[in-house]
Amino acid sequence: MRSYPPKPETVYFFGTCLVDMVYPDAGMAAIRLLQREGLRVVYPRAQSCCGQPAYNSGFPDEARAVARKQLRLFPKDYPIVVPSGSCAGMMHRHYPALFAEDSDRALSEEFAGRVFELTEFLVHVLQIRLEDRGAPVTVTWHSSCHALREMGVIRDSKSLIRQLKNVTLLELENEHECCGFGGTFAVKQPEISAAMVADKAADIRQTGATTVLGGDCGCLMNITGALQHQRVPVTGQHIAQFIWERIHG
Amino acid sequence: MAETTGFDFAKNIRQALGDQQLRKNFKFAMGSMIQKRRLVFADEEEFEQLRAIGQAIRTRALAKLPELLAQLEARCTANGIQVHWAETTEEANATVLEIMQRHGATRMVKGKSMVSEEMHLNHFLEARGIAVTETDLGEFIIQLAGETPSHIIVPAIHKNKEQIARLFHEKIPDTPYTEKVEELNAIARRTLRQRFFDGQVGLSGVNMAVAETGTLCLVENEGNGRMCTTVPPVHIAVMGLEKVVEKLSDVPPLLRLLTGSATGQLITTYFNMITSPRRPGEKDGPLEVHLVILDNGRSRILTDPQFRQTLQCIRCGTCLNHCPVYTRIGGHAFGHVYPGPIGEILTPQMEGLQEAGVLATASSLCNACEAVCPVKIPIPGLIRELRNASYTATPTGRVPGEGFKRNLPETLAWKAWEKVNRTPALNAVVTRLAGLLGDKAPRLGPLKIWSRYRTPPRVARRSLHAMTRAQGVDNE
Amino acid sequence: MSDTARENILRKLAAAQRPAQIPETGALPIAALCQAEKIEQLKHFMEAVRGEVHVVKKDGWIARLQDLLRPRALKTLLYGPATPLGKALAAGWPPEDPGLPRLVPYAASLEDFKSDLFQLDAGITGTLGAIAENGALILWPTPEEPRLISLVPPIHIALVDARNIYCNFADALTAGAWKANMPTNALLISGPSKTADIELTLAFGVHGPREVLVLVLEA
């Protein structure tokens, strides 16, 4: 069980490269949720990527170079909130290993200790209370592997959805099975990845939900891409954006 | 020394993914194994405690490996077990052959042994006029089919009962066609009982070898292992050198982890602990017991502080059961003795990266295997290390074949990625350009592959960087 | 060849760097069950895998055994004649009762007995004890009670003294001081032989006995 800090006045926001480029609305929604709770949010503009794509693909030096840059952009002792279990996992769990033999080792450990995935932060640090102003809807939830196994935040994510009284959450039959994204895995082993995402899409369709929610944009990009390719009329959305829309009706 | 075997992973994968029957068989089987394991390790906290113990037992054994092997040898020898050492599978095969020839033996009955698969023992002996009968039911089935195991624990998992019924009917004399599992088992029992009776040498693997007492421990459900190690006058046990444990008290927790993880059982039907051949006055049991200790690359693996964790493996097979990739392509696609996550880290180290490094690409790093490994091998981390080794420009001799994948396009691509991501101004330009293209970027390279199965992502007009600036979010 | 291999292997292994810390192993908490609970647990786990367990009074076990065997119409029952169990059995067995199997002593070496052995209907052994946590019998075969009695005949009958039921395997190892005294072959047997190699469908009675009949003897 991770120990959480008391509610701070200020937090950093690490958007992640996928949110920055493909899902910026989700990023803004997350920032707004934090601001709504009275926090000052700082978005260091020089940020880019956590380095995971290179780290997982056999290019640790390149990953380290990019990670090193991020390490210096969040110098004050504010928590670093990340709208992705995967990127949060990279920074919280893997940065210390990435810098273990490096002069920035101490910095990476200090940094890693301040990284929080968005939903765990909303639940454990802010104790956020949500009032649902939307019309009834059924959704399902995709557990990203790193949110599940590296950050352990699935219960937190689902508890936020369950606070929304007009939202029915239907769980997937094989919720814990990987969707097949795996970063470069999707292009290095495309047929296996396609088989995995096809099964995930079928599982989602079977719930009858109109939307699949997730906390990870890599997975969402993969799953919605497959759903659209198969012309399955289920949409996908990042949980931050979904929550923001629900509390505003 | 690795020889290229014509291993075409991509072709195997395509074939496996296209085989609907295979996918159906594996999906059912792996789902079932996952469920069984979950029931027997229902208390997650207890499982975490137990596997921390498992990890400690295995790492302790590896930390003291040469002393423990020497102690094992001394105890075994004092008890009358003859110990042989083999650096290579060739030496191991030669040792087995020599023992058989010394006894004029031409009939061997075998219990299941993955090490004997590494040795390609059956093929070796059969080419020299020795009849080898696999007696584990799954191994018996694939022997009839002329195949290799597709799973570490349930070797014939890729076959359904119709396929097995046809196999028995066609390959076993005087056997009617039946799909009833009870009847198929009865046929196997009848056929193999005669082989146990006639067997001149019994061969087994070793699940754990206790250095403290010189005891070889074996788990099984069918009774064929006990038959092979008790009825014939000679018993040969073959073992990977990492299978030794220090103390007898290490056995109960490891046994619990092994049977729970492998088959979802609290304990197998039999747990067989062998300390010596037949002692004076005893009426049965083999007159000679031999232990063949095989290296086959393990000693090199031990020298690497990260990769040595591979040797903690107790061959439970649960990583296979939980792997979404293995579930979809099955064991044969991996083309080598050990499939699945453990195979992805072990095989490249044994066979070299040129031959088997491609196996390390067959993972989305989902971590499902690591979460259930009873001895806490950090499999995804080691897959990542193998990927690093595949591309490294500075080989250190950790794994044979380092740097085999280095190529200019990928090197340049990642260098470019690095430059863009550590240069905010450049990142902003690239982001802006991508935003202008939206989802209309030319479908080349990775995007082309992506678009085969998914609609391409649309890069937003305005990035989060731009939005935060526009909305006045602080920048410190 | 083996000696050179041995030297090379040990040398390579010794050259590998040791980790800084060699972990010690923590112990798992040991459950403390009373006698009645142990018997209950043993019965529960054995029956879950088709073992048959009867709790009987020590001085009535032979009569009870005979009652259990009559409906099975067996021809032969293998036993070790020189054990206390064997002697009691022989003493308590009617010489010519067509409703009961004939007692067959395991008196010769396997080499001279194999053909007969493989035709017998049942075998009876004692046990060193049993393990409640997983429903396993502990057997230490001896010159007087050979290994194959509990394997070759299709029915295995085992006697367990209720006082020798341990909570778990670790307990049994310590209490019995196994490490100083390992027999040729020590066995844990948790029920009839089985396999799930065909479509993961469980089927009983493969190469080992298809029936295991346990008599738990209470004072």
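Order of writing sets the chain letters: A, B and C. Residues in each chain are counted from 1.
The criterion applied here is as follows: contacts are C-beta pairs under 8 Å (C-beta built on N, C-alpha and C of every residue); 3 or more make two chains touch, one makes a residue touch a chain.
Computed from a predicted model, the values in this text were never measured in an experiment.
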* Contact-graph separation of chain A and chain C, given in steps at minimum -> 2
* Asked: Which pairing of chains gives the most C-beta pairs in contact?
  -> B-C
* Determine, using the mean of C-alpha atoms as each chain's centre, which chain is farthest from chain C. => A
* Structure fact -> Averaging C-alpha coordinates per chain, one finds the centres of chain A and chain C separated by a number of Å equal to 54
* How big is the gap, in whole Å, between where the Cα atoms of chain A centre and where those of chain B centre? -> 33
* **Contact set on chain B toward chain C in their complex** => 28-29, 32-33, 49-50, 52-53, 55-57, 59-60, 63-66, 69-70, 73, 79, 84-87, 91, 94-95, 135-138, 141, 154-157, 160-161, 164, 181-182, 184-185, 188-189, 192-193, 196-197, 212-215, 221-224, 226-227, 230-231, 233, 241, 247-253, 255-256, 263, 266-279, 281-285, 293, 295, 299-300, 302-303, 305, 308
* **List of chain C residues in touch with chain B within their complex** => 1-3, 5-6, 8-10, 12-19, 22-26, 28, 45, 49, 106-111, 113-114, 118, 133-136, 141-143, 146-148, 151, 168-170, 173-174, 178-179, 182-201, 203, 205-209
* Asked: For the complex, which residues does chain A have touching chain B?
  -> 13, 15, 17, 19-25, 27-28, 31, 40-46, 48-49, 51, 53-60, 62, 65-66, 68-69, 76, 97, 145-146, 149-150, 176-178, 180-198, 221-222, 224-226, 228-229
* chain B residues within the chain A interface of the complex -> 13-14, 17, 324-325, 328-329, 361-368, 370-371, 381, 384, 387-391, 405, 414-415, 417-418, 420-422, 424, 427, 431, 434-435, 446, 449-450, 452-460, 462-469, 471, 473-476
